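Note that the chains are named A, B, C and D in the order they appear, and that numbering of residues resets to 1 at the start of each chain.
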Amino acid sequence: MDLKWNEFIITGDPLILGAQISILLGSIAAVAALTYFKKWTWLWKEWLTSVDHKKLGIMYILSALLMLFRGGVDGLMMRTQLATPNMEFLDPQHYNEVFSTHGVIMIIFMAMPFLIGLINYIVPLQIGARDVAFPFLNNLSFWTFFVGMALFNISFIIGGSPDAGWTGYTPLATNDFSPGPGQNYYLLGIQIAGIGTLMTGINFFVTILKMRTKGMTLMKMSMFTWTTLITMLIIIFAFPVLTVALAMQTFDRLFGSVLFTLHGDGNPMLWVNLFWVWGHPEVYIVILPAFGIFSEIISTFARKQLFAYKAMVVSIVTISVLSFLVWVHHFFTMGNSAEANSFFSITTMAISIPTGVKIFNWLFTMYRGRITFTTPMLWSLAFIPNFVIGGVTGVMLAMAAADYQYHNTYFLVSHFHYVLISGTVFACFAGLIYWYPKMFGHKMNEKIGKWVFWIFIIGFNVCFFPQYFLGLDGMPRRISTYLPEDGWTGLNFISTVGAFLMGLAFIIFVYNIYYSWRYAPREKTGDAWGLGRNLEWATSSSIPPHYNFAVLPEVTGLDPYWDMKEKGLDQQKNVDYKPIHMPSNSAVPAIMSVLMGFAGFGLVFHWYWMGIVGAIGIFITMIVRSFDYNDGYYISVEEIKETEAKANK
Amino acid sequence: MQRENGTFVNSGKERKGSRRMLKKLKPLSLLLFLALPLMLAGCSTPEVLDPKGPVASQQSDLIILSIIFMLTIVAVVFVLLTIILVKYRERKDHDKYSPELHGSMLLETIWTIIPIIIVVILAVPTVRTIYSLEKAPEPKSAEAASEDPLVIHATSINWKWVFTYPDEDIETVNYLHIPIHRPVEFKLTSADSMAALWIPSLGGQKYNMAGMQTTLYLQADEAGVYDGRNANFTGEGFNEQRFKVYAEEEADYQQWVEEVQNSAPELTQYEYDNLLIPGVYDDGTAEFNGTHLQWIDHSKNAEYTLEAWDRLGYEPKNPHAKDKSQNILPEDEIPYYQQDNTVDYSDEDMDNNEHAHASHE
Amino acid sequence: MSQQTKKGHFPWKHIIGFLISIALTLVAFATALWTDWSSSTIFIIILIFAVIQAALQLVMFMHMTEGEDGGLISGNTLFGFFIAIVIIVGTYWLMTSGHMHMGMSM
Amino acid sequence: MAHDHNVNPNAPLEYQSEVGRLNITGFWTFLGAEIALFSTLFASYFALQSRVGDGPTSTEMFEAGLVMIMTMLLLTSSFTCGIAIHEMRANNVKGVIIWMIITLILGAGFIGYELYEFVHYVHEGVTLSTSAHWSIFFILLGTHGLHVSIGIGWIILLLIQLARRGLTPKTASKVFISSLYWHFLDVVWIFIFTCVYLMGMVS
């Protein structure tokens, strides 16, 4: 690539310059702090090389929060630019980069890792396991995600960000129309992270199927575990499609193939098709675990078992199959035959049936219950009406003939923000607050949490509800500005106000993390809310020891921990400890992933030697791993006794 | 009961807090529910729901039908949620608490069957409309029935629109005139990026793709000026890729055609190729005698644009490059334009949509 | 769990499987090159041969159904084949219907 | 269930340890993902098959003899790999190593012919950039070939471990997994042979 050295670092934009300076200062501060407090070894040994699913979960969540911030700032920049007509806050090129990165970051580097973080932390506990099936892979998954994320994120300071939308449609994304490194960042960043996601899929699929504790049959698993299992199944079969599609576009951009190009009889439509073959199941990958989280929380704070558990299971299994049969609704307007559009229109509408069933099941879980309005419950309750709005507009979009009028408009933008924010983001907040005491040994402050909730909910509706009308009034998505005579000014301005309210709520949320760390009372039991129903609350201390359970629990029915409490059994009274086998930490995943990042960065700039060096390095780490016969270690009975005695003291 | 056990009951303070929350929750859900009609009343009718032709009105009818169903569903859920939250919130005398209730065959069947019925009710008109939109709108009167649809090729070029009237042998940039009460058959293609032709007042959009041809039927029944634009993101100048549609009486339309035929300059290949260079059209709109179909139909040759760039000396550049200037050669320095390159795509039979449908086994 | 092959047992299963797959390959080859049936007929026939051969490999060579997770593994693989059919048939259907492609070579 | 550490001495070696069982199930799950991966490539191949642009068609390029040799090499290697596992279950380390080496030689022969084929095409002027048809041809075949090459490297590593450590539950499960991989690549090849080569020579 004939990239001049003075074009390597992006200059000339005050916003980007500001970001560059703060990133630089932030990194210096972090390095200085780690050195000053002599925490490097601790960081490396206790966290970065850890195969403990709980620590990996927390690292995922921290990265996701960081990405929520980055993606949120992107969103606020877009809303600022659209607040009034003819705004000149961002030029069109910059706006295009911002919305492209906003989409990718929010879906791939925020929603998925946030949920995978919660899954990592909670699911092994809920099934009564000591760790996942493949702890080494789990660490590798985290690292590939992290490196992919880092590679994608540096694009805006080095070389320029992708600017062809988060969907990267060809031929716009081919070299002819998107020269420069931007789109390469997209392809390689997502590719590296995608490998990690696929491994997570395999890992948790096998973990849930094979590592359940005694007595926990499939139909005795918590709903969150069920949704995770199905999500992982979808990941296993959807992510390879993305892998191939990205590789094919990478070949087009780097190695001269002509699959999606205007040259050589390529077919740009094929990219669109493959992207959505993955893209639609992806939507369910980020929504199903959310359904699981809401199921847990609603049932906990209504003090009732989940209504129609079997129907819930059937509905998620149905969704998993249907999710692979609806992808065409993302491009009804591509001129497909009427038969194709009709078929996919009907399958899409059909998916609303199992989803509708779930909504009513949640409502009736609370029927004749005793509902307490804690913050996690508030988020879950707000999910129902907001998600219904998103869902019904989804059915409207599914009607292909009508979709021709909504497609590519703010109606669509509003729809998917309604489902993704009220589904996924609410679930992330709800799940994090709900399981926060399990992770950190203290609750988040409820009062501040309620402020966050109300500001966010109001901001969310003020931001996105007007967008339905903007869409119906003909405002296409992805335009960087509009004219006064378009008549969209008022609603756009309202929408921007709402976006800033959400931003405010996020800041207060972060403050709450700090506030609670300083002032919240520490938890004394493993069951922080006093209402826990599943095994994650059955550990001996508020923060589970690294082996999770001193003695693995036995399960006889749904909601096992609730059962234990009803029967007055104390799980932890059992003192017949045996040595526990645990996996060893490993530095291989971190090194391997960094090498992937090294190779990826080289390929972004067509520096093939870097790609080759990186690839050789990756193979060497694989060989090292192959010859590694470390089987882990045993925790002695004395150590277990000591740890258990210290629990919650 | 076990749940009377101290650990399970929340402190009184917290309970008071939750009741406060509940009071706040109610107005919010009401607000949400009322917002829709309020907003509808507050603004003028959105473009999509204010159709100016038969295609848009079919779609608008379908949309309104679906909105009615959806509002009903939303209402049911909101009311149910409100009732449940009010009735079963935690309070001192929770006599209604029945934790053993975790399923009801009857209820589950009801809320599985009803959505199925709704989906079926919505699927029938949807499918009917999908098929109906593949054909030109039915003529309203017998005399109109004799007229074929007006054929217009709509070609998207980064970031402008070229409209070609093959029968009239004229071409316009960034605006078009159409007669009212007559179906227009748009033949959509793109010289480069994937775009979507969208005139909300007249009907929904469809993609323009290089190397492909898609067909979109639209019709205006009311004279007026309508906004049209590219709805699918095509890069830097996407914003500006918009056009005006002048729908007018047949006589006025004919007069406009004649005017263009008589007064507009001849389209040269060099000039057309220059249009293919990505950019916003500086002059706003233009009209030409003759069409680009004499050299190229982008639905048959996707590579033409890239070849034209080569000829002219245009090179795509990194958007972050410091020097983005281009050195476009003048016409007389390019031998290619000194020769006759006419292929004339306009003569060929373009109406083989059926073939395209039949081509898959 | 399938019966264990103890030392000294001749690998009949493998040899039979191998011979069948060689035969299927040859028949497919002959069908494709030495018949003048229509290409869609040939495609269907040789595709059936391929599927049989794949199933043979999975069950006879890969022992798909054995072990405590035989059911799980078979289910997962069958779901994989379902997804494969959806992706391949769906993509082909969408890419060849509706749009009018008029590339220069066609 | 999962934490049952009692090993069943009657089970084949590779299933005896818990880690071995987990790894085998995990690998089968991975093969599910591989099915999705290759079906995406096949879907793309079918979608781009007729898009030859200015380049030649498959019929003009494919050579029946070469394809047949490659197919036979891979089919036979799959068989010898099966025999290696058969030997493993008879607890014969030497047998495993010998049959695996034969498998690798056959696999290397396959890769050799594939490289020869690619080089031959490039000499004839058919490359990745010739047309969409040839792009997807090289990518589909290349992905399969890369898998086979990785398989060869992987099995060599396992043979070294086998020679050093003998047959243990751990080495046995590793060898068994590599055999699954090898057979799977043969399954993929059957479809490449059928859908790409045979059909390419028909039309």
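Note that in this section a contact is a pair of C-beta atoms (placed from the backbone, for glycine too) under 8 Å apart; a residue touches a chain by one contact, two chains touch by 3 or more.
Note that the structure is a prediction, hence the values are computed from the model and not measured.
Chains that touch both chain B and chain C are the following: A. Chain pair with the larger contact count among A-B and C-D is A-B, by C-beta pairs in contact.
Taking the mean of the C-alpha atoms as each chain's centre, chain A and chain D sit 34 Å apart. The distance from the centre of chain C to the centre of chain D, with each centre set as the mean of the Cα atoms, comes to 14 Å. Here the spacing of chain B and chain D, counted between their Cα centres, is 46 Å. Among the residues of chain A, those touching two or more other chains are numbered 209-210, 237, 241, 263, 265-267, 269-270, 273-274, 277, 334-335, 337-338. Shown for chain C are the residues in touch with two or more other chains, namely 69, 72, 79-80, 83, 87, 90-93, 95-99, 101, 103-105.
Looking at chain B, residues 209, 211-212, 214-215, 302, 357 sit in touch with two or more other chains. For chain A in complex with chain B, the residues that touch the partner chain are 3-4, 6-7, 10, 92-93, 96, 159-160, 163-165, 169-172, 175-182, 262-263, 265-269, 272, 302-311, 331, 333-335, 337-338, 341-342, 345-346, 349-350, 352-353, 356-357, 359-361, 363-364, 366-374, 378, 381, 384-385, 388-389, 392-393, 395-396, 399-409, 446, 450, 454, 457-458, 461, 465-466, 469, 471-474, 476-482, 486-487, 490-491, 527, 530-531, 565-566, 568. Taken in their complex, chain A has these residues touching chain C: 209-210, 233, 237, 241, 265, 267, 269-270, 273-274, 277, 324-325, 327-328, 334-340.
Across the interface of their complex, chain D is touched by residues 129, 133-134, 198, 201-203, 205-206, 209-214, 236-241, 243-245, 247-248, 251-252, 255-259, 263-267, 270, 273-274, 277, 552, 619, 623, 626-627, 629, 631 of chain A. Residue ranges on chain D touching chain C, taken from their complex, read 10-12, 15, 21, 24-25, 28-29, 31-32, 35-36, 38-40, 42-44, 46-47, 50-54, 64, 68, 71-72, 75-76, 78-79, 81-83, 86, 89-92, 179-180, 183-184, 186-187, 190-191, 193-195, 198-199, 201-203. Residues 1-3, 19, 21-23, 25-26, 29-30, 32-37, 40-41, 43-44, 47-48, 51-55, 127-133, 135-136, 138-139, 153-154, 157-158, 161, 165, 170 of chain D are the ones that touch chain A when the two sit in their complex.
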